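Next, two complexes with chain A in common: one pairs it with chain B, the other with chain C.
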Partner chain A sequence: MSSLPRRIIKETQRLMQEPVPGINAIPDENNARYFHVIVTGPNDSPFEGGVFKLELFLPEDYPMSAPKVRFITKIYHPNIDRLGRICLDVLKDKWSPALQIRTILLSIQALLSAPNPDDPLANDVAELWKVNEAEAIRNAREWTQKYAVED
Partner chain B sequence: MSFILELITSFVRKMLELLTFGGKTLTNTLKIYVKTNTGRTLTVNLEPQWDIKNVKELVAPQLGLQPDEVKIIFAGKELSDATTIMQCDLGQQSTLHAIRMRPPTIQREKLLSMSLEEEEPTGTPTEEASKPLNETLLDLQLENDERLNITDEYRVRAKAHFFVHCGQCDKLCNGKLRVRCSLCKGGAFTVHRDPECWDDVLKPRRIPGHCESLEIACVDNAAGDPPYAEFYFKCAEHVSGGEKDFAAPLNLIKNNIKDVPCLACTDVSETVLVFPCAAQHVTCIDCFRQYCRSRLGDRQFMPHPDFGYTLPCPAGCEHSFIEEIHHFKLLTREEYDRYQRFATEEATPPPPCGTLGSVVCSALPQS
Partner chain C sequence: MDSDIEMDMESDNDGEYDDDYDYYNTGEDCDVERLDPKRADPEYFEYECLTVEDIEKLLNERVEKLNTILQITPSLAKVLLLEHQWNNVAVVEKYRQDANALLVTARIKPPSVAVTDTASTSAAAASAQLLRLGSSGYKTTASATPQYRSQMCPVCASSQLGDKFYSLACGHSFCKDCWTIYFETQIFQGISTQIGCMAQMCNVRVPEDLVLTLVTRPVMRDKYQQFAFKDYVKSHPELRFCPGPNCQIIVQSSEISAKRAICKACHTGFCFRCGMDYHAPTDCQVIKKWLTKCADDSETANYISAHTKDCPKCHICIEKNGGCNHMQCFNCKHDFCWMCLGDWKTHGSEYYECSRYKDNPNIANESVHVQAREALKKYLHYYERWENHSKSLKLEQQTIDRLRQRINSKVMNGSGTWIDWQYLFNAAALLAKCRYTLQYTYPYAYYMEAGSRKNLFEYQQAQLEAEIENLSWKIERAETTDLGDLENQMDIAEKRRTTLLKDFFPVDA
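Then we have the complex of A and B:
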């Protein structure tokens, strides 16, 4: 096991010292490349009030390749599938080592505010989002209440 | 007690100073070859603090000339009398060129003082004696407006610095820019202007000059136009192996004069690789290696029709492919072998030698 690159140490420190509003990322006790992430649903979105758990993993050649991020909490969103996999350009071909954990999580937060049904990952969700947006938003609210709100 | 101790330490320190000083003067003497245009080569020992006037006084008698009949040419410049050896980036066994003035200075001065003043300037480019190229040349990464508005303080940092991959040292080395005539390949060549960008240095037929390597000046064509300069690089870290001891210029590697943090590790390194994209993304050398290693592992290098098997900027910018594939020599020998094997397997014809100076490719040991 190679030692942790300075960049990861620096990014982690900054995430702890200056957390992004609505985002909480804490490295795992046993694996500094694995982060437990919590993103709160943005205001004025169907995900408002929800607390979404995600996992983020920095692969061996990070930052040359993108972090691997997945939703653990179930979410009704056209760009996030049943397994929590996220369709987001900056996690794939638009990844650049100039981006960071912080910017990636901000992009995910923004994706919650602005779902993009034209580039879907969850086909059924995207379809409904296009055909009957009101119903889709209602579903998203329901799922948020059901899976992302702690009693 | 402490008094005696102090006395002893100061004595020891003095002895040490003497020793180190003595050592310096001994090792700093440079053995230099002086080539003439009559085919002779002299070997001289020069002290770093000497100036060009001293060199002329040393060389002229051996050539049967007066010191003021000789001009000294080095790396595309005629050196002024006041230039010191220290200012030229001469290494052990470097070569200077000593050329007989035509017409001798005294006569020329007389002529000038007799002639009308207005006749003196204008017309053909003058070849005035000057400082060596390495002293005057600004970093080739600077934009034009940056060159004009440069502060004196910054000028020192912004002095041109070159990096090469040296086949002999087998590593990234400091490089030295040298100039020769593109026709006769002789080094007694003075440029009409300094290079201002990498294209001036790497592409042929950009900067004309005056060649005095042979008795009859070289001409580019039947109309008698001046020949073009040919720039090449040498490793500054091993004793020069003569005029054919070339090194491959790594033009993307630069001194980090603007203190740009590495795109990957965010550290500010002294030496960086600047990608040829519009955003000029920067990585440190270690992160560049890691980037290459990672892409090599995934076999994600790309065959480029002109450059060969290469990589773009890690941020995926447009038009950012690395043209000079010698940059991949920064990988370990094992990794570089793998790079070459993949390149062959991907059936990319090797990049044509000559895109960045045939000088380099033909001279480098094939590995």
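Then we have the complex of A and C:
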């Protein structure tokens, strides 16, 4: 494997030295491009109290192309599907090489605070979020308790 | 001279023909075409088939013109022309009105740069700005970052000397290597004229000259230029790529309408406006809607309208393998219509009932279920006829082969020479042309609102349908080299076709 680009080294160092509140990203022992990520559910959101595990991978041409991010913990959210894939513009067409792991994870945290059912990935969840938001939020709380809270 | 020829033609139709002339007559109405073709022929279309080199020359001329007027680099001129459908006048006019707005909408400048308030009104200031944008070569200006001082690139996180940095009008500065890798990544994805600044949320466009300054690999440069050329052609309303497979020809016409262009190189015929198969009298949006609908419903439609039908008299199963709707059962010799299975005797007159679909007048009172069934029935009515003509056209080669065989055996038996029979091929070509138009009248009729205009359309459609069936029947049964009757039939069919097009083909030039 080719040596790690300076950019990745810098970003990793900064993530360790100045961590973002509520976000924890640690590179894998064997692969410096693979990060184990933990995002805590934002306050005043149905995901409050939850601890969500994600995986993040920096592809060969990073930062020219976006990192690949996926939820490992099950989550009830209109923009996140059963497999944990995330529908987020900055991970797709709005990606810019000037964005960083840190900014991407902040965007994901913001997505938990502000679900966007008009641009759905999980259709059934988005549908319920639109017609009966109260019930959808109840479901999201339930799932958070069931899958994202460790006893 | 002209009138002499017209006299000749007219006597043709009266049955007095000159054999020499008819051998080479394609069946077209030459006397009509001598008049102003724009008026006489509803399908008349002036266009040119040009090569990539021709087009490059044409586009470069426009670019140079704008350069001299606005005093800007060719690269920026291209961006402005791309954004304005290559209309020089529009660009210059907008530039004179509000140069700043022009640069912002063309994404040459970011929307909210703190510039002096004169920039939006004074053309001189904006022009100076354009000059600066063009000539500075995108190197981050010396005043902002002295060349001797090193700077960190936000993308690769490495520190480099200031002269390694480039930025657009937005001022987002990145190092040369990062720009280069970024451009190559974008080009690899097929993006060329739409490459934007690397900064987050910045939509300022990267002009051609910066890309070509930094990207040095010949493969990537070629790719970039190819993709950019495609974008330029697509943004130019008077140009259209020939849709033929691997064809390099570009068709140019100043009349931007849904007329038929035929490529000189690969002979593909297509609609100039939308690039799909030619579809007169239906217009581009309607044919698109219709084709989508057919693609969705085709399974059902195929299922319902099977490929075979039973003879209405003796009930023997018949597969249609030729063009004509006038069927004669090989078993009981009953003559009937393939579409409605009715007796052919009732179809002989000009009133060809079969192509008409009668709306059920009580539709509003029926239940939703019945309405749905009625909608499907209506769709199938048009779809069956559309599909039927499409199939007939696909069998054209077979029909011509059969024709050739028949002519061969006739010639062998001593009835006429090969040349005597050539007129049948002309007739078959005309038949295909008429059938093609007729096929495309069905989507048109399907989307037409009920009323007197639709009645008139369906009346003309029925007449065309009847004449085509007559012609088809006559071609398949031609027994002699006496072509007067067939010539008449050809003339009538073509007249019906052009009349229909004249009345209903939208000429929106």
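Points to keep in mind about this one:
Keep this in mind: the second predicted complex is superposed on the first by the 151 of 151 C-alpha atoms of A that agree within 3 Å, B and C clash if a C-alpha of one lies under 4 Å from a C-alpha of the other, contacts with A are read in each partner's own complex, and residues count from 1 in each chain.
Going forward, contacts are C-beta pairs under 8 Å (C-beta built on N, C-alpha and C of every residue); 3 or more make two chains touch, one makes a residue touch a chain.
Everything numeric in this text was worked out from a predicted model, so none of it was measured.
Aligning the two structures on chain A places chain B and chain C in a clash. In the superposed model, A:81 lies in contact with neither chain B nor chain C. Overlaying the two complexes on chain A leaves one chain C stretch of 203-211, 365-373 or 437-445 clashing with chain B, which is 203-211. Applying the stated touch rule to the two superposed structures, the overlap between the chain B and chain C interfaces on chain A comprises residues 5-7, 10, 61, 63-65, 94, 96-98. Listed in rising order, the residues of chain C touching chain A in the complex are 154-158, 172, 174, 178, 181-182, 185, 198-202.
Considering their complex, residues 263-267, 281, 283, 287, 290-291, 293-295, 297, 314-316 of chain B touch chain A. For chain A in complex with chain B, the touching residues are 5-7, 10, 61, 63-65, 93-98. For chain A in complex with chain C, the residues that touch the partner chain are 5-7, 9-11, 61, 63-65, 90, 94, 96-99, 103.
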